[in-house]
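Shared between the two complexes below is chain A, which has chain B as its partner in the first and chain C in the second.
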Partner chain A sequence: MAELILQALYSGLLNGGVYALMAIGLALSFGTMRVINLAHGELVLLAAYMAYVVESRLDLSPLAAIPLAMAVACAGSALVYLLVARIRKNRELNSLMLSFAIGIIITNAVLLIWSGDIHSTGSVSLQEAVQLGSLYSMRSELYGFLASLVLVTLLWQWLAKSWYGRAVRAVSSQRDAAKLMGINPAKTELISFLVAGLLAGCAGVALYSSSVIQPSLGHALTVKAFIITVLAGVGSVPGVLAASVLLGITEALTVTLWSSAVQELAGMLLFLLVLFVLPNGLFGAARRRA
Partner chain B sequence: MKQRLLWTTLAAAALSLPTFAEEFAVGVQIPLTGAQARAGTGMYEGIQTAAELFNKGNAKHKIKLAVVDDESNPAKAVSAVEKLAAQGVVAFVGGFASNIIGPASDASNKLGLVYMTAGGVDNDLTRRGYKTFFRVNNTRGYEKAVVTLLGELGVKSVSVVYSTKEATADLAKDLEAALGPKGIKVSMHAFDPAITDFKPIINKIKLQDKPEVIFMSAYENDYVGIIRAAKVLKPEVKAVIGVWSLATAKMAKDFPDLMPNVYGTSMLPHPVEFKQAEGRLFAETYKRLFNKEPDYQAQFGYVKGQLLFEAIARSADAGTLKKGGLADELRKTNRDTLIGRVTFDASGDNPNFQQRIGQHQAGGKIVIVSPKNEASGVAVFPGLPW
Partner chain C sequence: MLELANVTVQFGGLSAVKDVSLRMGSDEMVGLVGPNGAGKTTLFNVISGLVKPIHGRVLFDGVDVMHEPDYKRARLGLGRTFQIPQPMHELTVRENLVVAQRFGAGRVDAARIDEILELLQLTEQAGRDAATGLALQELKRLEVAKALATEPKLLLLDEVLAGLETQGKRLFMEKLREVHARYRIGILIIEHDIETISSLCPRVVVLDFGQIIADGTPQQVFNDPAVIRSYTGVEHA
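The block that comes next holds the complex of A and B.
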């Protein structure tokens, strides 16, 4: 039993890393603009399809697709921002509908271009089993987790130390006050969406390298990213990583100790439980108490 | 004299006119986009092949297909059925996935129109007792195929990994009930269709179940996840077996490293090979129409279309088509087809149906290995993708 639980913890940890990559972009744009980009999962999916294109057409490793995936996801994210920014009335609600519609358009475009077939990497190297003692994973899962750690750390540092990062936090905290301090809120919001696009690009490549993609997947990715964002507490970068890992481990342990059929249910129960005890999310509440 | 000449000319002209065949519109509600697009497209191509061959061989009756894409969506399938009914179709053929076929055939039953399918094997579909619902395949046929294969391989223990979707869960539970009395130890592992990481399940199978065989009652994306997880954890099993959409040329081409030695249900070997003249005619026509080899989805589409079109012709000849006689004509069906003998019981099910099992073998080939009397080659057993 101990071996089973250890493997579940390890699998959950690695999955959590990929979840964090998917969620951090959404958390960033949500934190800055208070806009929930419901097309975020579709942008991740679009990036995953770039990895598929590079692998299947150019016969290169999916990892070689990272620049293209980032560029496409960035362009998509910027487009979402430019459209959302045009909304003058009731932005919170109307942006939901707008980004949801963009998500549907992306899903159908993917379907038209690449059909309804499932795709996943054929790279033997990425699928190879990596053994750490009695723990197993695919190489791609390990890469995804490490990439997630690096990117989350970089983002955290960027937000804490760079001028633009601090501008993002300032706009997120008090838009009008930030403007008085000489920050251009529109430009700052665009930057946060571009960074979210970069992260979505990496998440897409990680997803394609370790899992199976199909056109209808985008919505499920958005939902998972949204759950993690709320679970973490709005605006908390380490919170996203912690919430992702917690969700990944909860899911894996549920499969091991109970049944895989209730894995998604367990994730939702965790979500409800945390919100019940800590209404501002894991790290949001901690900050408020401090 | 002039009048007689005129009448004679008119009579001769009437006799020399070609006889116009009576045309019947058949509604095709099928997923051409969305998650089930691949299977739906294959089925539709088979239906088109059946219409082509029927129209060529029948001077009296012609079939005209009216198609609406249900986008793999149950609500859109219902509106597709209603839209096609408004266009005056005499029956429906199509559908893929039990959760879509259920509401679509509810709608056709309310309209009093026959619904013929080969895409939904959920037991509940025939439990409704509709007089208008017919299908050529069912869970029982898949279950028989797997039980036969396990018997032929002499397997004593199986871990069943199954999606909680209706058809896959039905098959897994029926299989559990069928294998128990044969002395085969069965361990069940249900999974939510949304999950992508199967390592925790495979690890349980590896460390706790220790079976001879892993059986997957699932869909394409799940198969890839399960086999990948198994390749990482390498449980000591002798075979990995699945069901629909697995033993296909597309899977062999898309996932060459995951498919070797994996078993799945398939009516056809790859490269396609037909023993009967009817099969060869179907394959030739299909190739002419779509410039590719048929797969088993097209074969199912062909059979359901063929049986429906023949029944329409018989019903039209008997003058019962517009009086609800099509269902009675279909119930009289009793013939050999490309998927074996087809008859329909009172619930519209085909009790004769039994799938075959194919195995991915060297060179991207799919060899039919079970039942032995239908086999086109010998099973590689033990045989694994890793």
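The block that comes next holds the complex of A and C.
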């Protein structure tokens, strides 16, 4: 039993890394624009299908699809931004409907182009078991996790040190004050959506490499990213990373101890728990005052 | 170098600012006073570009800035503080200034940041989190420091002295005089307290119900019957 639990913790940790890639993007774009991109998970899905296309059509490793997946997710993210930015009235609310609709369009387009079949990588080397002590994972899961750590660290550094990373944090903090410091809010928002797209692209490839994809998955991914953002309480990259790992582990433990049928429910329960017990999120209490 | 011409702002049925015209030079320190709700902050919002007037123009350095968005006006040299401090709470105190300088002034000059921190007595707090690490007084000084970091030609200060006790107020006024003299920038300052504004500003403009009802030396303005009426009217309201 203890071994099973340890294994679940390990699998959950690895999954959590990939979740972080999706959630950080959502949190960034929400931070600057105060808009929840409900098509974010669908962008990740679209990126995953790029990996599928590259593998099945070009007979290449799914990893070779990373540039294409990034480009497609970035373009999609930028499109969402451009459309949302055009909303003049009631942006917070109307953007929900708009991005939700974009998500549905993407899901249906995927269904139309690639059918409703499930797909997963055929790469033997990616699916190979890798042992770490007594713990097992697929090689792709380990790759995905390590890639996530690298990307999240890079992003953290970017937010901390680069000018536009700082601008993103400034606009997220106080929009009006940031503008009167000379920061162009539109440019900053677009950059946050582009970065979200880059991360979503990588997350999509990681997803395809280590699990199965199908058209309706995007929606579930959006929900996961949203749950994590609320868990983290917005604001800090380490917070989102920790919340992602927490969700990954919760899901894995639920599957191990209960049933895979309730995996999604576990995330929801975690979400409700935090919502009512820690309304500022797990890590948001100290950071957000205003 | 700041010129407002017939500025009118309407919020629904309310005229918050009515046909306001005002000129001030770059070497001036002007007080803007008036009862609560007179439209002082709204006027600042018009100048900095956060609120669009339904009528009128704003000229800065002889240039019509009506079509410049808020962030470009900041780059042109309009610095501004908020009545309720708005620190960038995801950044440290120092980062607040560094970002303001980079985007507002278009350059990076650490020595100047140090100087501003020193001037506003924030050197010790420089590494702190702007949201959680500061007391209200420090937040107010950070507002001014942030605005100064954009290297403005004109500084709009919205009640930076309110809520300070006498000693703190005196010190802060000293700082403002120093800022005015050292950086040779114009200052337009909103302040309720007549005594404070009289000792700080050679020129005072009084706004009431969105209109300018007096403009002159503190002596002239505070002896003006219309001003006395508006002030006492509020006091007894």
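The definition used in the following text is that the second predicted complex is superposed on the first by the 281 of 290 C-alpha atoms of A that agree within 3 Å, B and C clash if a C-alpha of one lies under 4 Å from a C-alpha of the other, contacts with A are read in each partner's own complex, and residues count from 1 in each chain.
One rule holds for everything that comes next: contacts are C-beta pairs under 8 Å (C-beta built on N, C-alpha and C of every residue); 3 or more make two chains touch, one makes a residue touch a chain.
Keep in mind that what you see is a predicted model, and the values were worked out from it rather than measured.
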{"item": "Superposition on chain A - do chain B and chain C clash or fit", "value": "fit"}
{"item": "Contacts of A:R169 with chain B and chain C, given as first, second, both or neither", "value": "second"}
{"item": "Which of chain B and chain C A:A71 touches, first, second, both or neither", "value": "neither"}
{"item": "Touched partner set for A:Q263, first chain B, second chain C, both or neither", "value": "first"}
{"item": "Partner contacting more residues of chain A (chain B vs chain C)", "value": "B"}
{"item": "Partner chain in contact with A:S120 - chain B first, chain C second, else both or neither", "value": "first"}
{"item": "Partner chain in contact with A:E3 - chain B first, chain C second, else both or neither", "value": "first"}
{"item": "Touched partner set for A:L275, first chain B, second chain C, both or neither", "value": "neither"}
{"item": "First, second, both or neither for A:I183, with chain B first and chain C second", "value": "second"}
{"item": "Closest approach of chain C to chain B (Cα atoms, Å)", "value": "36"}
{"item": "Contact residues of chain A, present in both the chain B and the chain C interface", "value": "none"}
{"item": "In the complex, chain A residues that touch chain C", "value": "163, 166-167, 169-170, 172-174, 176-185, 235, 286-290"}
{"item": "For the chain C and chain A complex, residues of the former touching the latter", "value": "48, 50, 69-72, 74-75, 78-80, 82, 86-91, 95, 98-100, 102-106, 131-132, 146-147, 149-150"}
{"item": "Chain A - residues contacting chain B, complex", "value": "3-4, 7-8, 11, 15, 108, 111-112, 115-120, 122, 124, 127, 129, 136-138, 211-212, 214-216, 220, 251-252, 255-256, 259-265"}
{"item": "Contact set on chain B toward chain A in their complex", "value": "33-38, 72, 164, 189-192, 194-197, 199-201, 203-204, 207-208, 220-221, 224-225, 228, 231-234, 250, 254-257"}
